[in-house]
Every structure is written in structure tokens, then in C-alpha cells.
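Following this line, the structures themselves.
Below, chain A partners chain B and then partners chain C, in two separate complexes.
The block that comes next holds the complex of A and B.
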């Protein structure tokens, strides 16, 4: 690193750190949905990436419509809501049609949802074409802040971070302050007992799964602001998101936040100094090594085994 | 003693019949009925069958779902490919390169000397040992790190998947050292024997088939032994086996290593038959497809795995030639259908409907019994188990089997 001066190095760290924060936001939104589904029901949703793609495609389509009719700078916030709704609805139907039969077979949910993801990918390809599409960003989201000469912070990145923070807060309130969250947590802890005290655990499962999918849809909407969307976009993120969930400790949402932050920052900063693929390899290797030492993840619930 | 082993290998009347039918199909029906191009294609499918068989051992009987069998398939294949590549790049045929005598892709990437880890692959003996041992040692490393820490189930599946991803990125990134995304191509001869000639293709097909039948026999011996029974016991009630004084981790490590070795043999045969090796057979997607071969064939049936590999790959070739967009729908539908309706795959369907008609009576052989019949009624399994840490719950043990 001898060729960089101290101030250049500082700008690099700030900018890579910031791009890491954008990656962190998308990863966290993806992983949050996964963690809710996995932690709550033990379901491995390999189609989670495709739910994200649903959100992304919805946003892209809405942007096309909005630009057509001249609402170019207004559509984005409603699009986020519609993306959530679309993914939520699809998730709800998938739970009814597929997932509810597989609750006691976690490894089989993995295979079945992988099949589902193939079908969804092909559906995207047949409907929207194999080419990547991108949304028209509303004008207020373009451009960047320039706090110093060498540092350049894009507004869309800031927006995505804001959205993530908002969603996290929402999920937190929903799970820990709302009545529904109480029921969901009770079901997680002791399904039989929860059923015995009159909680409709099946309904809770259904809503939880759909909620996880809906958050993936939100991730998709956020994703459109920083990259373009293709049929296989979701599958690019799925392994990373699973690593985030497993690394953080499956049952701990706090762990998910911390590990998404760590993984995104490590990847983003390493990518600058070694090649992008080697940065990823290094990050994953470190995670796998740590997981071998601490299989339950960083923030495991303390259970005597 | 020898007689007992022999009996287990053949697996009683019904097991023997199944094996004979498979052997007849591999060695008689297919070679006589198909032209060389198609036969070579079937040979390629049969190399996947090695992986499918290894997954039956590991997943069906051991309850360990590895989503990274492509790693071992690839390691075996790459070891073979490195040997063949060195033979194909002798100084005479590569004299137009800046540095003659090294593989062409190294030359394109401005390497001027053979990397150290390629050197030993000049020797065929070393190569064969490497094909068998490199994947096994790798599996031992992963396996002992994970199973000793009691990582299992879902976590194991995800971690093996990540290892597959890491390996693919590494291979793709190292264009100069290992051929990058194109893989190792243009393989010509094995010790001077042209592997692209028609006669070689026939011979390789038969070697491949023989090895596959051998692997099935070996697996039957293992499953029929006390070890096999312990694997089953471990799959269904790991804690009880542990409390009975067995070191569960060691058994699992052994099984994982064995499965890795079997997959690697398949990979090496793949390289020989197809003439190249590339990272597209190593990563996450091929690894999951391999699991599907085993699932379609029947996760409890060694022979079923072979049919599963043949059938799915045949379908893939046939459909992706004519209806490429239909194929993914079909493949996805197949995944879902198998998991939801036929958890024991083709073998399960045969068990349920075909067997009585074919054999005339229930199976009474001394070979590996379909153990799933003794599983408890799924309704009796405590519901709370569904949310217990996935490290312990192996989904497969709780399914209903008819």
C-alpha cells in the first residue's frame, strides 16, 4: 500500500466503506427475511433470491409505467410498497401450496425451494426476457454528496441505507412490540404450548413466511437503485445471504445485522486491495473457518448440548 | 466369512436381480442399441451416477446432506485433467508457444514455468493416487472440522455449498494456474493412447461401467455390515448412538471421505470420457443437480441412483435440445414433485407398486433392508422437534414412507 498517501488511503477507506454499507443494506434486507423464516420455522428458502427478484421486477415495471405517464419522480415510494405486497402475496401462496407440507423436513425444503427457484427464474426469463433491465431512477435520487475533494457519496446509496434502517425498525416493532410478534415468538419457542394457549400456529407460520418473502421483495426494490435486474439476480445473493444468517446465528436478528455488516465491509474493503474474486474468497474462507470453531454462529442462543 | 460378504454384495434374490438388470443394461442393451455418440453421452451420465451413489450412502443412509459433492467430482476430474494436459503439452506439440512444454493456457497468461503443484502430475501413478487421496483428504479436513464440532444437517449443507462456491471462484480466478473459466481442455492421450478414438471411447465406457458396478458392490458390503447399521441408527437417533459409546463423528467422517472418493472416481472418468474438465462441474448448481439425481432415483437405493442419474440427464439433454425454456420448468417441477410426493424416488415407486408383481413376494434377502419401513409413524414424532436446532434434526428421518 506504499503508493497511496495517507489522505488518499483515508478516502479509499471511506468510499469502500460506504460501498460496503450499500452492500450491507441489500444483504441485510435479504438476510433479515431469511433469518425470520429460518429462525422461526427451520425452513431453508433457496427461492428467497427469486422473491427479491419479484420485488426488483415490480419496481422496474412500475418505473416504466411511471415514466410513460410522467410520474417519473414520484413512483419510487409506492413502488416499494407494491414490491413488498407482491412478494408477500407470492410467499403466502407458496406457503399454502408447498412449504406447509415440509415443515418437519428442513433438508427437503431446501431441495423443493431450489426447484421453485428454477421455475421462478424461468418464469422471469419468459416474461421479462433474458436481458438485464434497470429502473429509471427518480431525479432526486441521482447525484452525490461531496464532503471533501476525494470522497464521493452517492445519494441512492444513502437512500438504500435509510430504507434498510426503516425496515429493520419496522421488523423490530412488529416482532417485539406488536401482538402478532408475541404470537410468532411464542410459536418459535414452543409450538405445542403456543397452540395449546390458543395461538393459531398455522396462521402464524403462513404470515411469518410471507413476511420474510415480503422483506425480500423490499430488498429487491432497494436493489434496483444500485444495480440492474436479471432472471438470475436473486441466485447471486442467496449464498451470501445464507452465510450472513448462519454466521450471525440463525435465531438472532441482532446477529444477522452484525454479521451482514462484517461480511459486507470485509468484502468491500478487500475487493479494493486484492482482486474482487479473491476478496470474496478470503471473506468466505474466514467465515467458514470461524463457523468451524463456532458452529452456532456469532450470536448463538446459549443452549447446553 | 467370505461367503457372508459375498451374499451382502449381491443382496439376496431381489438385490441380485436388480444388479443383473443394471449390468445387462450397462453392458449389453446400451452398447448394442446406441451409436457411439449417444453411448459416450450415456458414459458421461454414468460418471454422474458415481456421485449419485455416493450421495445415497451419505444422504440416504447417513442423513448427511452434502451440497458440495461437485467439489470432489471436480477435484478428481482436475487431477486427471492435469495429467492428461501435461501429456498433451509436450515440448514438440507446443513449440509455437513462448515457453514450450507448459499447458497452453499458462502460456497465454504469461507464465514461464510450470507451477510447483503441477510437477508431480507428470507421473501416472501419482495422478491415480492423487485422484483417490486429494478429495479424500479434503473431505477429511472438512469432515473432521465439522463433525467433531457436531455441525450437521442444514448447517453442514450450507457450509459445503459455500466451500463449493469458494473452490469455483478460486478456479475461475486462477486463469493462469488452472485454466480459469474455460477449464482444462484439449486432452488427447493417456500414456500415448488416443482417448478420442472410437475404440478408446468404447473401452472407457466399459471401464466406467465396471467401476460403477464395483462401487455399488462395495457400497452394499459397507451398508450390510455393522457399520451400515450404525449409520442408519445414527441418522435416526444420533444421540442414542452417541450415548451407547460410539464416536459418531468418526463414523460420519469416514462416510464423508468414502463418498468423496467415490465422487472423485466419477470425476476422473468424466475427464477421460469427455476430454475436458471445467469449473462448471464443481459449483453450487451442479452439486445440487447431483443431489437431485440421487433423489429421483431414490435416496435409499444404490441402483436407483444410477437410474436417476441416467434419467434426469437424458431428460435434460432431450429437452434442452428441443425446448430449452421448458427444461427449467420441468427440472423445477421434478424437484418439487420428488420431494413432496415421492420422497423415495423411483426406487420408492418400485417398492410400492412394482415389486410384488416382479418378484412375486416380499423381499426377504439378507442384504441392506429398506430401513425406512421401520421408522415411527410421523404423527408420533413430537411436534416440538420441528423447531429444535437443525444441527440435530435430520429432516429425512421424520418423513412418512409407505
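The block that comes next holds the complex of A and C.
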């Protein structure tokens, strides 16, 4: 690396570090909703990616409307909230119509939600067309922030990071500080006993599932800042999401955070020193090896069964 | 309802008795002839192939409106390859064996073409293939209406090297056969012919949306030109992240061989402004043929339609087939194939094309500079380039 000056190398280190953090927040945002649904309820939600697509499509549609009426600068933050609401609502209805019949049958939820994902993909295709669409972003979001002459920090990356932090904090407060979270955790640990002390477990299930879906919708809205949206967009992300959840240990939200961080940093560093494709391959190999040693993932839940 | 410049010949079916124009048991009657359309209407490739289907249907509707082919109206049998290569092969067999179609317009990816090729050769069918591709192929049963590598890759690199005085290149593409073969050809040309330097070569998985590390590498290497073949949805991530990282056309030259008007719809013109694409056709092309074509296309498929390079190449298929059938005076595949080399199509929206003995088209290379409204200004137009699917020294 003798051909580069020290300041150039330093700025690359800073930007590469940022790119790792940015990938971390993307992975975490993708996996968080999945982890809540899987960890708390034992439902393997193969349609998670499609709930992201709901969020993304919502944002794209709102961007079209906003640009049409000339308030393209302002729509993005409200759009995120609407995306959450749309995915939450859809999740709520899906729980009532499909998921509640399948609790304690994880393999069946896998099949049923996979079917659901196909139905949703076809619905997107019929509604929005087969072409990929992309939101028109407010100009303030597309720039970069220049702390020194040679360092450029993308604002959309910072934004996704901020959103991820906000969502994580929200989930934490909801599950561990709110009365509601207490009921949810009680239901997960012992459904019968929770029912006996007067917790409406059916309602808890419904809201937890919808919450997971809503977070997927948030992730979808965030992704419109970096990528396009098509009917099959969701299936692109689902593998990465499962990778993070499984590697972290399914029942542990902390595990999800650590696993997303590890995978993102490994991938980002490897991709810099070897090629992009090989970086992914190498990361996967490391994950598989670790899972062979620790099949339950990084953070196994310590639950008496 | 016809493209300007088409010579109208009213041909009566009665002048060409069916028994004479169809000696190989094709689906030709006294009044109709069946033709297949085989593209992905579903699956991940539907995004790209929808435009081809639309263009082919437009051409066929126009041909029918002017009396059909040898006095026979074209009936379309459309099959869905569903972005799945074995399905393409199966549907090709169905079209040729069961439906006995006289010709097929179809395929987009090289993978689907490679899958149907043995079927077309075994059943002696005729395929019109519209996509620009890596070359290194030639079949008696295929007419390639898109451009092969030398007509796009070499001509484009030559232009940018000369115009921008570029010496160092960074190659980036999606990870599958077309970008990899294209980059192999590009690298040989840059190193051996232009005596330039390739400072990086990178492939990202199809559909990948994380370009942070690649962008940092590019920043470190400071190439004169980024030469890109990123395909599909990844393009959106690629251009948005470049812009967010402060790399725009003001500071960096980029030439892509994979961005057409169709992709720009998703990427957003504002993220692409000032970068270049090497194609043979652009929607904004200023000639009478193209104006008529675009107008008819919009009339049939909606006023918001845009036409990309491959969509135009797909439009050529039915017209070239019609011309060959009429020259041969027969629908028999062998006779149509024999009549094809040397055929000219002066009404082509891209201007003028001619079929070479090697079944590819003589065509021009154009370099378009993207505008923020999603259209391109053509800044360079080459003379007609002779197709050469097996260029010496590049394999």
C-alpha cells in the first residue's frame, strides 16, 4: 500500500469502518422483526421479506404522490411511519386469518408463510407491475457529509443507522419496560399460566406478530434509500435475515444484535481485501463452521424445557 | 399504422399456395401463420422481458395491419419461460413440435438462450434473439438482432479512451456469464490494444445491494474510467450509493454496458446524470423511423412507456422474419435462413441494419450521456460495425 499517502489510508479506514456499521444496521433492521416473531412465538415467517416489500412499496407510492404535489422534501419521515402502519396492519390481519391456527407447529408455519409470500409477490406484481420501482428521495438525503477533505460519509447510511438505533430502543422499551412487554414475555414462557393470571394471550400473540411485521415494513422503507423495490425484492433479503437470526441464536434479541454486527464487519472487511463475491462466500463459511461448533447459535436461550 | 419507410407490397395468399410455401408441415394455412413468443412474463426476468414481448406484439400487429406475411395473418402463441432455463427449453420444444410455429421471437439471458439452442437445432426451428450479449456463438437456427461484444464493448472502450484520454479502468459487474465474459474481453482490449491499465476487477452477486466496500476500493484506486456491467435491481443500489458517497459524473467518468432506459426508470435519472451508456439504440434517437416507432409503441402500451435498447432489437425480429420469408417465397425454415444474409431493414428505429452471413446484424454503436429526466443525449455514433462474434485474440 506504499502508493497511498497516510491520510488517504486513514480516510479509507474511516469510510470502510462506516460501511461496516452501515451494513450492520441494515442487517439488524432486516432481522429484528424476524427474530421477535421467531424468538417469542416460534413462528418461522417466510413472508418476512414481503412485509418489507409492503413498507418499501408504501414509501415509493407516497414519494410519487409527494413529488406530484410538490412536497418531495418533507414526505420521507411520515412515509416511514405509514410504512410501519401498513405492514403492522397486514401482519395483524394475517395473524387472525392464518398464523393463529398454526402455533406450536413451526414446520407448518414455514410452509404456510412461504405460500403467503408467493401470494403477496403475485399481488405486488398485479398491483404495481413487474418492473422495479424506486422512490424519489429528498435531495438532503442523497448527499454526503464531509468531516475532512478526503472522507465522505453517506447521509442515507447515517439515516439508516439512526433509524435502526431508534427501532432497537423502541423494541427494548416495549418488551422490557412496558407493561405490555411483560405480558408478551410471560406468554412466551408459559402460555397456560399467563392465561390463568388474566393475560389475554391471543391478543398478545396478535400484537407481537404484527409488531414484527411492522418492523419489517420499517426496514422496507429504509431500504428505499439504498435500493429498488420489485415484486421479488423480499426474497433477496430473507436469506440474510435468517442467517443473522440463526447465527445469533433464535430466541435471543441480544444474539441478533451481536450476530448482525459480527456478520457485517466480517463481510465488510473481507470484501475490501478480497473480491465482493468471495467475501460473501468466506463469511458464510465462517458462519457454517461456528454453527457446527455451536448449533444453537451464539446466544442460546437459557430456558428450562 | 406502419413504420415509416416500409415498402408496402401487397402480397396475395392466392399467389402462394400453402402446399408450396410450407413443405415441412408448419402451422401455416391459407389465411394464417403461427409464430411463437417465448419470454419470461413471470419471475425475476419479467422486468426486462416485458418490453421485448410488447415490441414483438407491436411489430406483429403492424405487419398484420399491412396484410401479413405472404398474405397470411400472423397468429401469436405466447409461452412463458418464467425466468427458469429448463422451462424455456421445454416451452421451446412445445412451440416447435406441438404448435409447429414458423418462427420464435424470444429469450433474453444467455442462460435461457443456451438452454433452448439444442432444441432449435434438433427440431430445426428459427429463433430471433434480441439481447446484446457476449458473442462467442453462432447457430444456423438463430438470428441475433442484438449486438455482440465487439459492437458494444470494444467500440465503447475505444471511444471513451480516445475522448477522455483514459488510461486506467476499474471493471465491475454482476457475477454471472455475461458480465464476466464481457469483462474478459474488455480487459484484453484495454491491456493489449490500448496499452492501458486495469486497476481493479470486481463482481457482485446478482441482486446485491451493498456497494460500500467496492466504492471505497474505487476511491483508493482513482481510475480514469469505471466500466460497469451491473445488472437489474443492483443498479439502483450501485448508483444511489455512488452518489451518496460523493462520486458523481463531475468527478468520475463511468461507462456502462448494462443500463438502458428501462433500468433508469428504477435508478432515477438524477442519480445517473452525466454518466455514459454504450448501446446501439436510445429512446431519444432523432430520426423519422424512431419517432414513428415510439409513437406507435406508446399508442399500444401506454403514454408513459419508455423503450430501451433490447426492446428495440426485439421489434426488429418479426420484420426481419417477414422480409426473409417474402424473399424466400416460403415459410420453410431452411429457405428462410438461406434468404436472411444480406437482408436490409431500412425502417429500423435504430436507423439501418443488415443481416451478416454470421447471422448477426451490422449495427452502429452509440454512446448516450444520461440526463436527469431519464433520457440520454447521444454524444457519439459510430459507423456501421461489422459483427464478429468470434473476435481473434479475445477468447
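Please note the rule applied: the second predicted complex is superposed on the first by the 285 of 305 C-alpha atoms of A that agree within 3 Å, B and C clash if a C-alpha of one lies under 4 Å from a C-alpha of the other, contacts with A are read in each partner's own complex, and residues count from 1 in each chain.
Criterion: a contact is a pair of C-beta atoms (placed from the backbone, for glycine too) under 8 Å apart; a residue touches a chain by one contact, two chains touch by 3 or more.
Everything numeric in this text was worked out from a predicted model, so none of it was measured.
In the overlay built on the shared chain, the residue A:284 is in contact with chain B alone; chain C does not reach it.
Legend: residue contacts after superposition of the two complexes on their common chain; A:143 is shown touching chain C, with no touch to chain B.
By the touch criterion stated above, A:275 is placed in contact with chain B and with chain C alike. Using the contact criterion defined above for the overlaid structures, shared-chain residue A:12 touches chain C, although it does not reach chain B. Contacts of A:239 after superposition: chain B is touched, whereas chain C is not reached.
After overlaying the two complexes on the shared chain, residue contacts for A:190 are found with chain B alone; chain C is out of touch. Once the two complexes are laid over each other on the shared chain, residue contacts for A:85 go to neither chain B nor chain C. When the two complexes are overlaid on their common chain A, residue A:134 makes contact with chain C while staying clear of chain B.
According to the touch criterion, the shared surface of chain A, contacted by chain B in one complex and chain C in the other, consists of residues 125, 275, 277, 280. For chain A in complex with chain C, the touching residues are 4, 8, 12, 15-16, 18-20, 22-23, 26, 125, 130-134, 136-137, 142-144, 146, 152, 154-157, 223, 225-228, 230, 232-233, 236, 267-268, 271-272, 275-277, 279-280.
Chain contact summary for the complex, chain C toward chain A: residues 41-44, 46-47, 50, 175, 201-205, 207-210, 212-217, 219-220, 232-233, 235-237, 240-241, 243-246, 262, 265-268, 270-271. Per the touch definition, chain B reaches chain A in the complex via residues 65, 67, 145-146, 149-151, 153-155, 157-159, 161-163, 165-166, 169-170, 172-173, 284, 288, 291-292, 295, 325, 328-329, 331-336, 338-340, 343, 378, 381-387, 389-391, 393-396, 398-399.
Per the touch definition, chain A reaches chain B in the complex via residues 40-42, 44, 98, 101-112, 114-122, 125-126, 188-192, 239, 242-243, 246, 250, 275, 277-278, 280-281, 284-285, 287-288, 291-293, 295-296, 303, 305.
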